[in-house]
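My questions will all concern the structure given below.
Chain IDs A, B, C and D follow the sequence of writing; residue 1 opens each chain.
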Amino acid sequence: MSRPELQVEQLQAAFPEAKAEAGKAFGPELLLGSVEQLVAVCEQLKTAQEFGLEVLEDYTALDTGEQFILVLRLTSNQIITRKLTVKVSISRAGAKVPTLCPVYGSAEWYEREIFDMFGIRFSGHPDMRRILLPDEWKGHPLRKDYKDERMLKRPGA
Amino acid sequence: MEAQSKSVDTLSHPEALQTDVITLNMGPQHPSTHGALRLILKLDGERVVSAQPDIGYVHRGYEKMAEAMTYNQYIYLTDRLDYLSAIFNEWCYCLACEQLAGIEVPRRAEYLRVISGELCRLSSHLVWLGAMGMDVGAFTPLTYTFREREMILEIFDLLCGQRMTFNYCRIGGVARDLPAGFIERVRDFLKYFERMPDVYDRLLSDNAIFLARTRGIGTLTQELAHSHAVTGPNLRGSGVSKDLRKDDPYSVYAEFDFKVCTQSEGDALARYRVRVEEMRQSARIIKQALDQLPAGEITAKVSRVFRPPVGETYARVESSRGIQGFYLVSDGSAKPARCRIRVPSFAGLSVMPKLLHHVQVADVVAIMGSIDFIVPEIDR
Amino acid sequence: MNYIYDLSRIVQWTRAQLHWLADWAGTSVFWADGLGTLIVMFVLFAFCASVVMVLVYAERKIAGHMQARLGPMRVGWHGVLQVIADTIKLILKETEIPNRADRPLYRAAPYVVFVSGFLALIALPMDKNLVPVQLNVGLIYMIAIGTPGVIGILMAGWSSGNKYSLLGGMRSAAQMISYEIPLVLSLLGAVMLAKSLDLHTLVEAQKIPFVVYQPVAFFIFLISAVAETNRNPFDIPEAESELTAGFHTEYGGIRFAYFFLAEYVNMFVLSALGATVFLGGWQGPFLPGWCWYLIKTGAILFVFIWFRWTYPRLRADQLMDLSWKVLTPLAFINILVTGLILVLM
Amino acid sequence: MNRFFKEPWDAVLSLVTGLMITLRQMFSKPCTIQYPEERLIWPDRTRGRLVMPRTEAGKHKCTACLMCQRNCPNGSIEIKVKTIAGSNKRELDDYLFHLDRCTFCGICVETCPFDALRMSHEHEIAVQDKARLKLHLQTETIRFNPAWRGALPAKDDTVEAQKPGQSSEERAD
């Protein structure tokens, strides 16, 4: 049951085109070179016996100002302590990301949320609509350049 | 009563009856949508052809708000994510902050967090149990569970001055030490509570009607659970023994003796049983924590203006609904650059269309009740 | 002996007075009886309304205490006037009709439901000499007159123009039709014992209440009666957690009050029928007959209320299964066994 | 056989057990508290609305350091400061508390370095006019009730400071 944790070397060997690091936050980190690899890498991480990461626990994005970073947290329900963070940078200007829906069921809503909050579109997604905000909402709030005059102004701040 | 009905197969041969599918808009205001969830049901008579949840009615933009608030200010907001088990949100958020800055939390503070956390789990499960009874049409369990929950809320009032929105955890510890008389109060409550799960069992879970309503309904297979990242009691109801308290022990959970409850069936009844058993285990943990409570400080030395170093972290706790996660990115300032909240109900609800396929209208509410989602947490 | 408590004497007296009046006025007895009937109807309506008030109050109080609450406490001593306050509120409320409603049907539905329950009341023997209308097929009349109620519910469900109501109405129709059958079959056992369909004769035949001879039939009757009155655990037509309020989702004000009234009148009628057929009606020692009648009816009503505040709700298909696969065959077996015993003895 | 006799029998039995539970509850004591007449006793730490306790002479401890205003997550505190003529000293001019924004988190009390704020036990604060939710704590006539004690920053009601190694059992007594 308690097979060893994922090793950085093991990951590096399996995915030579990506960069594996010993991450601090959540298991090792796998930095993908390009977003096109995402689906194939995830497919392998999910199905390959030595990884067995069949749960996409969290999938979100990050706006650094220059680019977006997609952050995936993969875990396993069989080897429970096993975890992995996958990151991939994409350009801020209208990057298209392949959808992960065929690999992970939970990706469907996560991707809708990312689209809602960051405006990143996922190609091949079955239902690419806003999920939390109303359909007629302007802008994508979690982008750093998002402005809304209704946001609370604190006195003195 | 046990027998499942074999309906005429009108779904595959609709032309035989000349029937039409009707769209039923369930919610956002409906007695059993547990907040403001909207379900768009397509019905063929009493049978659900498709169900599409529509969320976002309680969206408050918490992830965005974090970017405008200091780390300390944000703690109180996390209470309002999953208001039924608020302490887990605070706890998880503080854990993330502590991981960011590398703060060691004093043992007494960890114990206080565990005690309040498990009390919270109890109260959350109690609300759920009552609501589940309500969903299948029994009114009385609700009032019984609320009576017990009220006692827990009073204990929280004693501890941190609020009944539901505690604002109790702090970065590096907890806000306040135990008040006088707290330990006896909790012990009294636990003594009283000991026999209550049996009462619920006799009133509800052994009841033939309840069994008929929940057994074999909304079966969540393991594959589905993995694929949709279902966590917590729902996952354990499908036979996966995954509990962060046991498997990835954070805080001081490694020091307690408790069982991870699982059921293999994966139906509404299994999820129900898991939660009732979890209540017993939570009571056990609280008892041990009270016995082993160490003395000492309740907060680590943290400067008033919390400025973590540049970096990022992802902290997880096992909340009463599953894995709660906070992803914090720090740019070195006093405000987080990004605060991502991973909530268990979000993934838990995304599996609903699959569970609600071809069930009856009456089962829709039973399944929704058994999944135990909470809408403000989903919408954030 | 119980001269003062014997209500039947009041009836006889009134009747005599009416006849004397007719005599005096020189008209035929027909008019006197007609006037008598009107008075009886009026008294019955008053009786009906007061029974419902007591029932609603009792239900709320019992429910409250069963749920570790107090129930109504504010209006009057321990909330006894709560029902009156609610009634006034309901009467004063604006009655709205949804835009998409089928107006005539929508308006008529509550009264159809109420009238069918109310009319059943007149055949019940409340005391030895206190029977509003004594019919020699009283039992059949009771069953038959209660049936149009389902049409009213169906009307309400259809005409509201609301999908929840529609579902509730359909469920109700299916449920009530299914449960009529075990209900009637369960009563047949008692009829075979008494060899009469006249409720009065049925009661007089019970030196020992029929529930002793017919426990299974009584059990079936109890369950079917709960289902007939659409009460928990068989309240699928109004299933709050699924259909918000089922067939009366769109109703408010006085029309809702009539649905409410009808529900409780139906409950009372079926309990009274059970008390009459199985528990020996007005027969009993010491107390006057109508007291026994009310006590026995009250006992069954308490069971109804007790069920409601204890059990979860069955699903529609499970409900049908229970009726067709369990209760109906059981009732047939009961009739067969009763018949065999009667023939052999 | 099992299916026709045992299972229905068990079902009926389970239903009767349920009935017994509600019946027993019916004759036990209800847990209702009839609110306006009967009230719960609030624990010391209960956080009601913010007040500024003052002495008999009407003096408060606020030095207008703006800590509470800065730390309030909702911006429900607005402080106006004036400088005393002739000196460089700052003094409180107006302490505006927006009750409609307050979430009773108690951070203001916690961060106040001068113990000038308290959260009272006053919780019946509904009003019919929104303007009445703007409170000027400094000029407010409500006297702080010492019986409230409120959510205090002081550790007055906590368990006595424990020495390490002392078991919880001893402390509990």
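By definition in this document, contacts are C-beta pairs under 8 Å (C-beta built on N, C-alpha and C of every residue); 3 or more make two chains touch, one makes a residue touch a chain.
As the structure is a prediction and not an experimental result, all values here were calculated from the model.
**Student:** Taking each chain's centre as the average of its Cα atoms, which is closest to the average over all protein Cα atoms shown?
**Tutor:** Smallest centre-to-centre distance to the global C-alpha mean: chain B.
**Student:** Suppose chain centres are the mean of their C-alpha atoms. Which chain sits farthest from chain A?
**Tutor:** Relative to chain A, the chain whose C-alpha centre sits farthest away is C.
**Student:** Out of B-C and C-D, which chain pair has the most contact pairs?
**Tutor:** B-C
**Student:** Averaged over CA atoms, how far is the centre of chain A from the centre of chain C? Could you give it in whole Å?
**Tutor:** Between these chains, centre-to-centre, one finds 63 Å.
**Student:** Determine the centre-to-centre distance between chain B and chain C, using the mean Cα coordinates as centres, and give it in whole Å.
**Tutor:** A distance of 44 Å separates the two centres.
**Student:** What's the distance between the Cα centroids of chain C and chain D, rounded to whole Å?
**Tutor:** Comparing mean C-alpha positions, chain D is 51 Å from chain C.
**Student:** CA centre of chain B versus CA centre of chain D: separation in Å?
**Tutor:** Centres of chain B and chain D (C-alpha means) sit 25 Å apart.
**Student:** If a residue has to touch 2 or more other chains to count, which residues of chain B qualify?
**Tutor:** Each of 1, 140, 144, 147, 203-204, 207, 209 in chain B touches at least two other chains.
**Student:** Would you give the residues of chain D that are in contact with at least 2 other chains, written as numbers and ranges?
**Tutor:** Residues 15, 18, 21-22, 25, 31, 72 of chain D touch two or more partner chains.
**Student:** Can you pull out the residues of chain C that are in contact with at least two other chains?
**Tutor:** Correct list: 66-69, 309-311, 326.
**Student:** Could you pull out which chain D residues touch chain C in their complex?
**Tutor:** 8, 15, 18-19, 21-23, 25-28, 30-32, 34
**Student:** Inside the complex, what are the residues of chain C that reach chain B?
**Tutor:** 63, 66-69, 163-164, 167, 171, 232-233, 235-236, 239-244, 309-318, 320-322, 325-326
**Student:** In the complex of these two chains, what residues of chain D are touching chain B?
**Tutor:** Residue list for chain D touching chain B: 7, 10-12, 14-15, 17-18, 21-22, 25, 31, 40, 42-47, 71-73, 103-107, 110-111, 119, 151, 155, 157-159, 162-166, 168-169, 171-172.
**Student:** Provide the residue numbers of chain B that touch chain A in the complex, in ascending order.
**Tutor:** For chain B paired with chain A, touching residues are 55-56, 59, 61, 63-64, 68, 99, 222, 224-229, 231, 235, 240, 242, 247-248, 311-314, 323, 325, 327, 329, 338, 340, 342, 346-347, 349-351, 354, 379-380.
**Student:** Looking at the complex, which residues from chain B come into contact with chain D?
**Tutor:** Contact set of chain B toward chain D: 1-2, 69-70, 72-74, 76-77, 140, 144, 147, 150, 154, 157-162, 165, 167, 175-180, 182-184, 199, 202-204, 206-209, 290-296, 304.
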